[in-house]
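Below: a set of structures, written as structure tokens.
You will see two complexes here that share subunit A, one where it goes with subunit B and one where it goes with subunit C.
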Partner chain A sequence: MSDATPTLPLARGGVSVERSSFSPIYTLVGTLIIAVFFTAAPWILPASWVSILSNFFILVIMATMWNLLAGYAGMVSIGQQGFVGLGAYAMLYFAIKGMNPFVAIPFAIVTCAILAYPITYLLFRLRGGYFAVATWVVADSAMLIILSIALLGGGTGRYLPGLSNLSPSQLNHYTYLATWVVAFVVVVATYFILRSRLGLVLSSMRDNETAARSAGAKVTSTRRLIYVIAAAGCGAAGAVLAISQPFVQPGNAFNLNWAAEMLFVSMIGGLGTIEGPILGCVIYFVLQQSLQNYGAWYLIIFGTVAVIIAIWQPRGLWGAIRDRFHFELLPVGYRVRDKVRVKKVKKQKRSETPPASVVTTSE
Partner chain B sequence: MIWVNVVVQGLLVGGFYALFACGLSLMFGVMKVINLAHGDMAVVAAYAAVFLAPKLHVAEVWAFIVIVPLFALVGYLLQRTLLQKAIDRDPFTTLLVTFGLSVVIENLLLEIYSGNGQSVNIGALIAKSWQVNSIIYVSYVSLVVLGAAVVVLGALQLFLSRTSTGRLIRAVSDDREAAQLCGANYKHIFGVAAAIAFATVALAGIAYGIHTEFFPTSGGGNLLYAFEAVVIGGIGSLWGTLIGGVALGIAQEFGAHFNPAYQYLAGNILFLVVLAIRPQGLFGRKGSLNE
Partner chain C sequence: MPLLQLEGVSKRFGRVVVADEITFQLEEGTSTGVVGPNGAGKTSLFGIISGDTKQDDGSVHFDGRSLGSLTAPARCRLGVGRTYQIPQPFEHMTVFENALLAAQQGAREHGHESYELAYASLERSGLAELANSPAGSLGLLQRKRLELARALATKPRLLLLDEIAGGLTDLEVVELTSVIRELQQDGLTILWIEHVVRALLSTVDRLLCLANGEIVADGEPRQVLASEAVRRVYLGGAIINEPTAI
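Take a look at the complex of A and B:
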């Protein structure tokens, strides 16, 4: 465990250990194409699409962070809306103090991380369901404290200053860029975290906590680090949310529906994969846009589907795809590949023998 | 005398929280399930008292006679189907499922009955109170709710300690496998415990609806305060839950006395302080948190 990405030796007999079933160059090129497309999107797509995409990326940030927290570190939190709210209000505070809102994003993120750190010492005394509800208590307390601060608009809320020199179309464009860049950074950072030594510790904790502890994994401090990262990420979502609104209101910023959305999206897409929550966000937005004239029904349908998936398909849609096709877009683990078997499969496919016999011939 | 009033009012609110919390406490004690839809179930009961009871020609005051048994049935069925499926997977799934239920219930209520506030109408009784002196007024309704909380908790304690079903519930809660080896059908026992929990939460919900105006989204707050009462009192102790509820009620009244905006914050702070100093709660056993 000395190296960040341990180089695993080639085993004898044509067996290799590799991360991805395709060359990393494809991943890099694919990422670049996506990055270029979404950066250019405001010039290509109509303005209404752009603001929908902004909301989409805000949800992608939240879902990715919730997935890191629950899917990888096993902490079910229903209080992440607390950090969304704190991020929005930190943004409001810096903007009132005269900072440019777009410059204030990293400051809001750091504020959330600093606030989250001491909270873990209280929360980590509880486990499982009690932890979950306690995170909600913390979020509720944060909202109640914000409500009593007159500078931040109290219960009625306040406009985010510092954006008045931008025209509506400029604001829409810049907001989109901010949400897209933050979402991109969050997803890529999560990918690298999970590939790193930290990711190894996380998966060992998830599989067997006692064994991970006895092997020297620092379980509690790893959890703490992940909680702080997730708080910072949700703070980032809150900060860009404040810019996109741009009226900051406690009832909206600390809304429990944020927690519901991150949870449903991650569950439906697939917990414990990077691609899953993003797929969940896509489904969520398609459903929301097509049912937008029917009030809260999209949330009712989505919640019902999430409950069904949690019980009967707990690995989510992406998990089902991955299990069936053995395919990962952003692999974070390693797998053993039998080179001989792969060659034989290819040969036999050519000679059209049924694939059932492959296993016996390779062994 | 002002402070005596704060304590008296806190005590009355506390009884209400205890009534709310005992179902939560029971379900965690027996099935190790935290029902995140607990508060929403209470709100559904309150809506049923307003909209269902008149259709059955029952006065809203007496709605609990119909709704409490109905909820016991719903609780049993929900436990035997959805919740049991979730428990069979892992504790993680039960959290996700009950939270999903909570959001679905809230939004269904919102779609069916709109976001307008409702209240259970009991006529002139709501305004009647017992005037102790010039400062202290004790509302009859609150007094009845506190009495109901004590009676329910007492009856539950007796039921668990004296009856054979109660013994079975305790046996399954202590060691499910051993109880199964002795012939206990633990799934049925889980259902019975859920039925009791849902019956008490229906009672609490109707009391809540009489007490204050309620909205489709009122369930979340109810769950939080019930949960705080359970943790303050100590997980796994029924009388602890009553004391926890009362402590929470008094803390909230103290907060409200300084500034109405601090009412719920004061309760949250008491909860966090207890968590910091005595995480097992006032009457809890050490280590009960790690179950």
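Take a look at the complex of A and C:
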């Protein structure tokens, strides 16, 4: 075999590429301010707000993971509640075995990742709607298996042990901090995944899988990796959910509503952006808190909001903001900024263009 | 050693034979055209070489290495670049990001090197000034150019062009052909399916004609086009036998 390397002589010159329209220092400072505020929140905000924020961060974790899976990698799943449930039950199992629930969080996450890996070999045989339905089947199968395990409380569920030494106030604070830290790690990790080489692969395979393969992208292994990461993230949400309840019950842990909420907030906020699902979570919680006294009406209003946004802003609210103001808080794309060079090419092109009369004649 | 060697390659979809024991080889630095009527198996042949389609029988060797067990991304990384008949841009990515993906994954370039390669491939294809435009906003000619740019950004040794001039105006065909001719002069090995025969004739130094999955003619382009086998494929046996009826 020849050792010759591909040597297509392409013109080389300076090109400057930017990843953000503003200095990374602003991103860092903004992140630090947010981090300090939310870490101090239990000591600043009323207990009821802290509890709401815990639930908010659990939904942020789920929505961010669903967005990574569907919005970036193009794998629309309606079965991520399966990993929320498995995360909650992994947490319960480790707690029963004597582990501190807060220490058990990473173990629950790893358990979900390990369980997700072999499932990909089954799911990745399917595409589109079939894939989506199969994820639901996997979630329901996982619940049925959990129901049959007496140690985990079967169909009735079981209290999470290991938290009785904490006062209600301490439990509220610690639960909040756990959800906040996990949400922060999940969002930051997602940002770095999308800023890495993997980010372009994800977007390309969402847009056109065949062309992505032909351009050298390892689509199947990337899909597998993202599915496992999303499962681990949803497992993390399930683990902190178990602590926040803290009664772990199959009907709640594996509830299809989790998938509906992930989808809802991602859709109204904006699929395919990191900021979108977070904005969606804010809107969801504001609506929920504002409309909680109106019974079933709040569901009708949620549905109406979703339909309106799907019709008039299919890219979601953050997508609309981004398109209107060309602004991103967490930019992950690439932009050529060598204006001088672009102008030079334009000028060269113009000089090569035939006279207008020639063009008119040939047309 | 030939750069590409196909030996007895066959492929059928049900009863339809798209490749029937196809055997040919390409030397490095040559440019070869492929013609044939619709359904002759031209695009399937590209699919077999690039790894999009798996052949039933026969072997494909690239630079002496069997491609049999290699996936499409692996073949791309070895140096097999391709374009598609119907352009397949990543519509929600910018033009630059389309090329960058190919530079990072196909050519396995990192950091600034990948930016340089991606931008250079856009310059080569005449798309540099649209680098920051969304690929979904491009017109047909620009989409064809993007196909070419993305293939070039993988640093191919063999470039498979699938009807890249199809659907373009005369002026656009001339523009695109001049770009391809430059690539040919730089020593890139090209295999080009095209219905716009004058574009092929100005560029390639060998022509293959496919019909019903078989190579019916192979040789110098003008001789191939003038051959009875090719006329029969395009015009039908009856007309060949009664030329006065034309």
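Rule of thumb we're sticking to: the second predicted complex is superposed on the first by the 311 of 363 C-alpha atoms of A that agree within 3 Å, B and C clash if a C-alpha of one lies under 4 Å from a C-alpha of the other, contacts with A are read in each partner's own complex, and residues count from 1 in each chain.
The definition used in the following text is that a residue touches a chain if its C-beta (ideal position, glycine included) is under 8 Å from a C-beta of that chain, and two chains touch if they have at least 3 such contacts.
Just so it is clear, the model here is predicted, and its values are computed rather than measured.
Of the two partner chains placed by superposition, only subunit B is touched by A:130; subunit C is not.
Within the superposed three-chain model, A:333 lies in touch with subunit C and out of touch with subunit B [touch as defined at top].
Of the two partner chains placed by the overlay, neither subunit B nor subunit C lies in contact with A:185.
Touch criterion met: A:147 reaches subunit B, while subunit C stays clear of it. In the overlay built on the shared chain, the residue A:212 is in contact with subunit C alone; subunit B does not reach it. In the superposed model, A:256 makes contact with subunit B only, not with subunit C. Contacts of A:33 after superposition on the shared chain: neither subunit B nor subunit C is touched. Applying the stated contact rule after C-alpha superposition, one finds that A:78 touches subunit B and leaves subunit C untouched. When both complexes are overlaid on chain A, the residue A:296 reaches subunit B alone and has no touch with subunit C.
Shared interface residues of subunit A (contacting subunit B in one complex, subunit C in the other): none.
Those residues of subunit B that touch subunit A in the complex are listed here as 28, 33-34, 36, 82, 85-86, 89, 91-97, 99-101, 103-104, 107-108, 110-111, 220, 223-224, 227-228, 231, 235, 259, 261-262, 264-265, 268-269, 271-272, 275-276, 279, 289-290. If you check the complex, the residues on subunit A that touch subunit B are 70, 74, 76, 78, 122, 125-130, 132-134, 136-138, 140-141, 144-145, 147-148, 256-257, 260, 263-264, 267, 295-297, 299-300, 303-304, 306-307, 310-311, 314. Subunit C makes touch with subunit A in their complex at residues 1, 50-52, 63-65, 71-73, 76-77, 79, 82, 84, 88-94, 96-98, 100-102, 104-108, 110, 115-117, 119-121, 123-124, 126, 128-129, 131-132, 150, 152-157, 169-171, 183, 186-188.
Touching subunit C in their complex are the following residues of subunit A: 1-2, 4, 6-13, 15, 17, 197, 200-201, 203-204, 206-208, 210-219, 272, 333-336, 341-342, 345-346, 349, 359, 362-363.
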